[in-house]
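Per-chain numbering from 1; labels A, B and C assigned in written order.
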Amino acid sequence: MGDFFTNLDRRWIFLGMGIVVALPMLLGLSFPEEPSDMVRDVFAAVDTLPEGSNILMAYDYDPATKGELEPMAAAFTRHCAKKKHKLYFITLWPAAVPMLRQNIDILESEFGDDYTYGENYVNLGFRPGNEGVIKVVVTDLKELYGNDVNGQDLQKIPMTRNLKNIQQMDLIVNVSAGTPGAKEWVQYAASKYEIKMVAGVTGVGAPALYPYVPAQLTGLLGAIKAAAEYEQTLIDAYPEFAENPATNEALRRMGPQLIAHIYIVALIILGNCIYFTDKRRGAAR
Amino acid sequence: MKRTVPLCIAALVGFVLILSEFIPFAQSWGRTAMIWFDILAAFAFVLGGANLLKIHLLKISSQRVGWGYSVITVAAFTITMVIGLGKFGVTPSESFPQFTWSGDYLQDGSGFWWMYQYVYLPLASTMFALLAFYIASAAFRAFRAKNTEAIILLVTAFIVLLGRTYAGIWLTADPLAWLGQTLYGDPQALAMFRLDVVVEMIMGVFNMAGNRAIMIGIALGIVALSLKVLLGVDRSYLGSEE
Amino acid sequence: MNRNQNVTLIVVIVAGVFLAIRAATGEFGKVYTRTETVEFTPEVQEQVGDSVKPWTIEKPVDRAEIRDAQGQLRADVHLNIQRTLGLWLAALGTLCILSFLIGDNVFYKLAEAVVVGASAAYAMIVGFWTGIVQNLFGKLMPGVMRETVLPGIPESNTAEYVYIIPLIFSVMMLWRLAPVGGWISRWPLAFFIGATAGIRLVEYLDADFVQQIAATIIPLIVVAADGSIDYAASLKNSLIVVSVLSCLVYFFFSFEHRGVMGVTARVGIWVLMITFGAGFGMTVMGRIALISDRFNFLFYEWLWLPKPG
């Protein structure tokens, strides 16, 4: 038995992983989520702002991480739109340009009556330069962004006419998959110019950003779990969101998450049992 | 000329940007330097693409092992580039309908959008999704509790893995509530030992402390390295003597 | 046949049978859209008059809204061949990449070659239209850009010839590809490196050093508003300070880790092990979410399996 596991073809492990993710998804396994204090802080940061506040929606993720960050970004977009904030979409990642578009589609399809392009939201798009872009837009945005993605001069768009730089933002909402991302926005904008900021990041990136909380970063959503908690908080605060199945995307994915986590724990325990058994057998010989 | 001028450029730009942080009249110089930096960054994308093309064309011409796949790479590259540069399927901007080329290059339904949506997005995201399987394999084969440090790492990992899902609440909420009620007459008395609460404590105290120390160390390293580059001590970025 | 081939054959047969059953029992793998005509704003309509006719765009329709209550295709909805072909390409590409789990194979290598080429070109095109056209050509020749791709540039904008400098630097950077004169690319590279060093020196020193130290100078004994000692907060703060200091002592390699220093460094290692354990747990969480998303695509967007609930 020990030899069987020692020489186990890893494809069986892959198959197991596939099953523990697929089955709960197909069966619709889901669990209630209890928001943590950190998620509540992030929620409050958006919710307590006066209606019509200026929010920079800096979405810096790509297809590789959209599985984890798209539900988070969508939840932020819906929440800000519900509060009728003015949204400025921007990105530092070239592959995130369609991601901005998807969030704008949410505004058009779900909030179209109350939300007009140019008056309530604007898509500034992407500029190359990583943190170099932040360095410029934090003092003079129009030096780098002469027009929006539709080619319209920012001077002619009502909500950007008087926008000099992002220091005029009441909040930066950053969804980030890596570099450039939350760390750079904290270093070059939020921390330096004391602009309030919240961030949603991948599970990989979240631990490294905890030192910034709460002095430089008001709150942090880490991984799909935090996205699910945020969605739950949103639904609890605004029950009308519960009618829209698109608002519980992260909540739906927590079912497979739980089973897969138990699978990983079991694999680690099994691997260690085999290791110590082999070790004792080797010592006995 | 080949090495001295670049060293001077690096030092000049770097110190101008540092000065612009502290001296108001130098702020505009710093902003100009960053705008030029951003333009160069755009050309860096072009350089990257052209370099890829060069490598694969060389591989095809010398017919090295795997050159067939290089043909596919070059074909995908060329098709995407032509579609993107030519703005195939892009309608004019609704604000400027009389200008044929005014539309967004990544407009919904355009050729470039199609390449992104149905070629780049699914393939790139699936590439990274494979990591889930490899992490499972690594968990089985590599994570061994060989010493105290490894045990601490693994126990923390277990707590986080279980605490960050409903399993943490399911395993500990009711038992702790019963215990709290039995021992102290208050079901919330031992709530701080719930796995989800313990995870928050681990992340907010120990993880934060460890990452803070790493961050401080990295910051000092970056400062030292940046000074070495600006003062011309570190010249590795210039490549070999030529 | 060897083991790899056996496994592959079994997987292909199972997948084929499943797809055949799925095709026989219902439709799947289709994208339906609705045709809409764009509407010009009154200002734009007045400007263009009848010289430009509004064009049509395709809006995707959710599969729940394709058919009416009687199961008939709605009048304004039609099958979009282009997007349907794309969906199948995406699904097959996803399966090609996943086939790597069985073993390295030609399908995976093909898909990999495609994504390498497409992603490099994608980044290049995005960089071109956003950085080069908008910020370089738009500044150097605003008139030409205004008449072609950037009609939104104000009439008052004139050419800023100072942008010739970044243009020259950019051309010099591309010289890296040339067989001779590779040293020319060192000038713009030095500009890059110098700029990066300059901005990072200050910002890392501020946000990652000074402010982190400031955030660690916290009271070890926290007094609540009513004057009593808040033991939980005091313990938390004490643990943070002790943990940060012990980790920093561990990183201090100028002195041998012996005696008090050795004990403190050991505590530091334990704190770092907790950090890495937490990092591992969060990483696992992240990776599983990615495969969850791909399965979501395959099951619900391609195969149109019934969504639970």
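Quick notes on this one:
The definition used in the following text is that a residue touches a chain if its C-beta (ideal position, glycine included) is under 8 Å from a C-beta of that chain, and two chains touch if they have at least 3 such contacts.
Computed from a predicted model, the values in this text were never measured in an experiment.
Among the inter-chain contacts, the highest number of C-beta pairs connects B-C. Centroid distances from subunit B, each centroid being the mean of CA atoms, peak for A. With centres taken as mean Cα positions, subunit B sits 14 Å from subunit A.
Computed from the mean C-alpha positions, the centre of subunit B lies at a distance of 8 Å from the centre of subunit C. In subunit B, the positions touching at least two other chains are 34-35, 37-38, 41-42, 44-45, 93-96, 102, 106, 108, 116-117, 120-122, 124-125, 127-129, 132-133, 135, 139, 154, 157-158, 161, 164, 203-204, 207-208, 211-212, 214-215. Counting partner chains per residue, subunit C has residues 101, 119, 122-123, 126-127, 130-131, 135, 149-152, 195, 199, 204, 208, 212, 215, 275, 278-279, 282-285, 287-288, 290-291, 293-294 touching two or more of them. The residues of subunit A that reach two or more other chains are 14, 17-18, 21, 64-67, 94-95, 97, 127-129, 132, 135, 144, 150-152, 206-207, 211, 222-223, 225, 257, 260-261, 264, listed in rising order.
Residues 8, 10, 13-14, 16-18, 21, 31-34, 36-38, 62-67, 94-95, 97-98, 101, 127-130, 132-133, 135-136, 139-140, 143-144, 149-152, 206-208, 210-211, 213, 222-223, 225, 254, 257-258, 260-265, 267-268, 270-272, 275 of subunit A are the ones that touch subunit B when the two sit in their complex. Across the complex, subunit A meets subunit C through its residues 11, 14, 17-18, 21-22, 25-28, 30, 64-68, 70, 94-95, 97, 125-129, 131-132, 135, 144, 146-147, 150-153, 155-156, 186-188, 191-192, 202-204, 206-207, 211-212, 215-216, 222-225, 245, 253, 256-257, 260-261, 264. Per the touch definition, subunit C reaches subunit A in the complex via residues 7, 101-102, 119, 122-123, 126-127, 130-131, 134-135, 138, 149-154, 195, 199, 203-204, 206-208, 211-212, 214-215, 275, 278-279, 282-296, 299, 305, 307-309.
Within the complex formed with subunit B, the residues of subunit C that make contact are 38-41, 44, 47-48, 51-52, 54-55, 57-58, 82-83, 86-87, 89-91, 93-94, 97-98, 100-101, 109-132, 135-136, 147-152, 162-163, 165-167, 169-170, 173-174, 176-177, 182-183, 186-195, 197-202, 204-205, 208-209, 212-213, 215-216, 236, 239-240, 243-244, 247-248, 250-251, 268-285, 287-288, 290-291, 293-294, 297.
Note for the complex: subunit B touches subunit A at residues 27, 30-31, 34-35, 37-38, 41-42, 44-45, 93-96, 102-104, 106, 108, 113, 116-117, 120-122, 124-125, 127-129, 132-133, 135-137, 139-145, 154, 157-158, 161-162, 164-167, 169, 196, 200, 203-204, 207-208, 211-212, 214-215.
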